[in-house]
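Once you've had a glance at the structure underneath, I'll fire off some questions.
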Amino acid sequence: MIDGGNAAMSFVDDDDPGGPEPFDNPAARLHLAETVRMAEAIVFASAEPVSEKALAARLPQGSNVRVVMTELQRVYEKRGVNLVRIGDAWAFRTAGDLAFLMNRDAVQQKKLSRAGLEVLAIAAYHQPVTRAEIEEIRGVETSKGTLDLLMETGWIRMRGRRRTPGRPVTYGTTDAFLDHFGLAEIRDLPGMDELKGAGLLSTRMPSNFQVPTPMADPGLLADDEDELTDIDLEELGLLTPKGGDD
Amino acid sequence: MDRLWADNDDLRPDPDEALVVDVSGFEGPLDLLLHLARTQKVDLARISILALVEQYLVFIDRVRKLKLEIAADYLVMAAWLAYLKSKLLIPKQAGDEEESGEEMAAILQFRLKRLEAMRDMAARLVNRNRLGRDVFARGMPETVVVETTSTYSASLYDLLTAYAAQRQRQAITNVRIAKRAVWSLKEARDILIRLVGRMKDWTALDRFLIEYIAAPQERATVIASSFAASLELVREGKLEVRQDGAFATIYLRGGPKADRLAEVAYD
Amino acid sequence: MIDGGNAAMSFVDDDDPGGPEPFDNPAARLHLAETVRMAEAIVFASAEPVSEKALAARLPQGSNVRVVMTELQRVYEKRGVNLVRIGDAWAFRTAGDLAFLMNRDAVQQKKLSRAGLEVLAIAAYHQPVTRAEIEEIRGVETSKGTLDLLMETGWIRMRGRRRTPGRPVTYGTTDAFLDHFGLAEIRDLPGMDELKGAGLLSTRMPSNFQVPTPMADPGLLADDEDELTDIDLEELGLLTPKGGDD
């Protein structure tokens, strides 16, 4: 049913679902309005996002769920309650700009620790990602229970296994994560494109990563160089740490 | 266990303060390096890696002098940085197939930038309008709209938790494990992979390790474990080992498999 | 404040709250629209009908609650969801003519019991597994109801019979199981190291402790397994005996 929906999308301009093409016919327009009401009632009644599959099962047969929901989203665009998409599900949520009004009553939420937050961000931006990769990025072993608790919170999940030797388990985020942080999909994560462009979402240093010049401060380095040229490499390795004492 | 939830997150030691010399507030050596890099107060792209290496080594020395307990990761990183420093100071020899110090520095810089980027993104993420704090769902849901396909629900997490808990209950758990001197084989292996597994350069890790592991009784276990672990990694193609003669320095670098793993990961 | 609200009502025509009297001023009209948005969000998010007193406390000072709510009610009048007044409190309710949407197939989803989860997990990891083996692993008797229930969910199935004395029935998972838990194949279940790494399993397990690696193709019979025959199915009560009416 969802496939049918996508196919029909081509007739409709996303920005103006009320455009002339599909609604020329007054009967069709009335029919759409009634289907929109039904979708509105179903989604409004639920606190959880309602999947397009579930909607398709309850709306009149042959309804184009995506068109219906896009129209409904437009209707609620400027209201105190908005219709948001979470993956392939829909939910009504209070408008973001009214947060000042709402959050005074919010139950004090537990704050994620720095480690927990970092693992969550890495799982979100680098997914699918293995535990070894998370540890490589953070440069530290992930403490037992960090992944466990993030899974318990329902924000990250085991996705499957990487098709490489050893077949390590991969992690990624859930729809509950998208819902909690107000994202329609993973692509909407803030800064995703910049990070990709900068090559910062790869496990290895990409070849186009700008090789920095550690000699940016040539004065300082030149001094050190002169001083140390006579010293044998092996000795240097042994003596270096003691250089920090003075 | 409850490290997922913050309690006093901002109580991090300031490595510049002579009195507070402790690594307990840092999330590992890379975090410490990033913190030190920030004290240079310039963009990460313009920091002096050499100065950073120097800062780190001074810091670790100070910690060791105060005989504070320090995790093996920090010492391995110190060893690697000491090696990097020697590479940066000695001009590249002609006919030397090794990676230059500059290339090694670039990789370190990349890792610091990547970690910092993840920190920034984490901050942006938590500051978004969040469900249950800034944005709310219908407070009075009228019905449960369900998919009609299944009457019962359970998540993979529920399933795995139940299984692990049940098997654990049934297993005989009164096995006592002796406190390890320093490194188990697995620890050595994990640390090696994390620190040098993907480095393309020959690194004389053991030499620098000896320098940074203070207690003589620890040296034996560190060297034995890291050597055994490196052989295991060589067998798996994740690491290469080179020794120019008997009793000569042992060099390590990432093997072909280490590269392939990374490539497949981000196709 | 409620009194003030009621007093102001006299200026407004219920059917046409946009009438000339109070909204002459465009700034006032904008202000009302914004207050309506706030009221909408507050009532939407509340777990119970919101009294006018509570609304007055949260809306901008001096707001005429009754005017605001009447306007909001008008907005929702013909929608799939209506704003209704209950005493002096307000709540959203599904439009009466759409009530039929709400009750249809409203199957209450139930969480699987702990015993159910355990048996299911054992069937997944240890398949093909007999009931006696499940009991041995769990250390407690498994009620027949648990297995029946799991078969009813469509997540586990009878695979065949073990070629041992008594020819016990073997159980395993189905494709619906993989589908529900988001696994591409049964081998994607995490192994012992991964359960430890994720913090689900203690790192201090006895050295002889093992987590089995699920078979590569659970569709194939194991070496010591026979296919279920019609006669077996009859015996198990899954197939009505031919000609039998009871």
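We call the chains A, B and C, going by the order they appear; numbering starts again at 1 in every chain.
Assume a residue touches a chain if its C-beta (ideal position, glycine included) is under 8 Å from a C-beta of that chain, and two chains touch if they have at least 3 such contacts.
This one's a predicted model, so the numbers in the text were calculated from it and none came from an experiment.
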- Task: Taking each chain's centre as the mean of its C-alpha atoms, give the chain farthest from chain B.
- Result: C
- Note on the structure: Winner on contact count, chain pair A-B
- Message: With centres defined from CA atoms, tell me which chain sits nearest the overall protein centre.
- Response: A
- Interchain centroid distance [CA atoms averaged], chain A/chain C, Å: 23
- Taking each chain's mean CA coordinate, chain B and chain C are separated, in whole Å, by 39
- Touching at least 2 other chains, the residues of chain A are 42, 44-45, 57-58, 92, 94-95, 102, 144-146, 149, 151, 157-158
- Item | Multi-partner residues of chain B (each touching 2 or more other chains) | 1, 136-139, 142-146, 148, 155-156, 160-161
- Query: Which chain A residues qualify as touching chain B in the complex?
  - Reply: 42, 44-48, 50-51, 53-54, 57-58, 91-96, 99, 102-103, 106-107, 109-118, 120-122, 124-125, 129-130, 132-133, 135-141, 143-146, 149-154, 157-158, 162-165, 179-182, 189-191, 195, 198-205, 209-214, 216-217, 220-221, 224-225, 228, 233-234, 236-238, 240-245
- Contact residues on chain C for chain A in the complex? 36-42, 44-45, 58, 79-81, 92, 94-95, 98, 101-102, 104-105, 182-184, 187-188, 190, 194, 196-200, 203
- Query: What does chain A use to touch chain C in their complex?
  - Reply: 36-42, 44-45, 57-58, 78-81, 92, 94-95, 98, 101-102, 131, 142, 144-149, 151, 157-161, 167-169
- Complex contact set, residues of chain B against chain C: 1, 136-140, 142-146, 148, 150-156, 158-164, 166-173, 175, 177
- So, in the complex, the side of chain B touching chain A is made of residues 1-7, 9, 27-31, 45-51, 54, 57-58, 60-62, 73, 77-78, 82-83, 85-86, 88-90, 101-103, 105-107, 109-111, 113-115, 117-122, 124-126, 128-139, 141-148, 155-157, 160-161, 190, 193-195, 197-198, 204, 207-208, 211-212, 236, 249, 257, 259-266
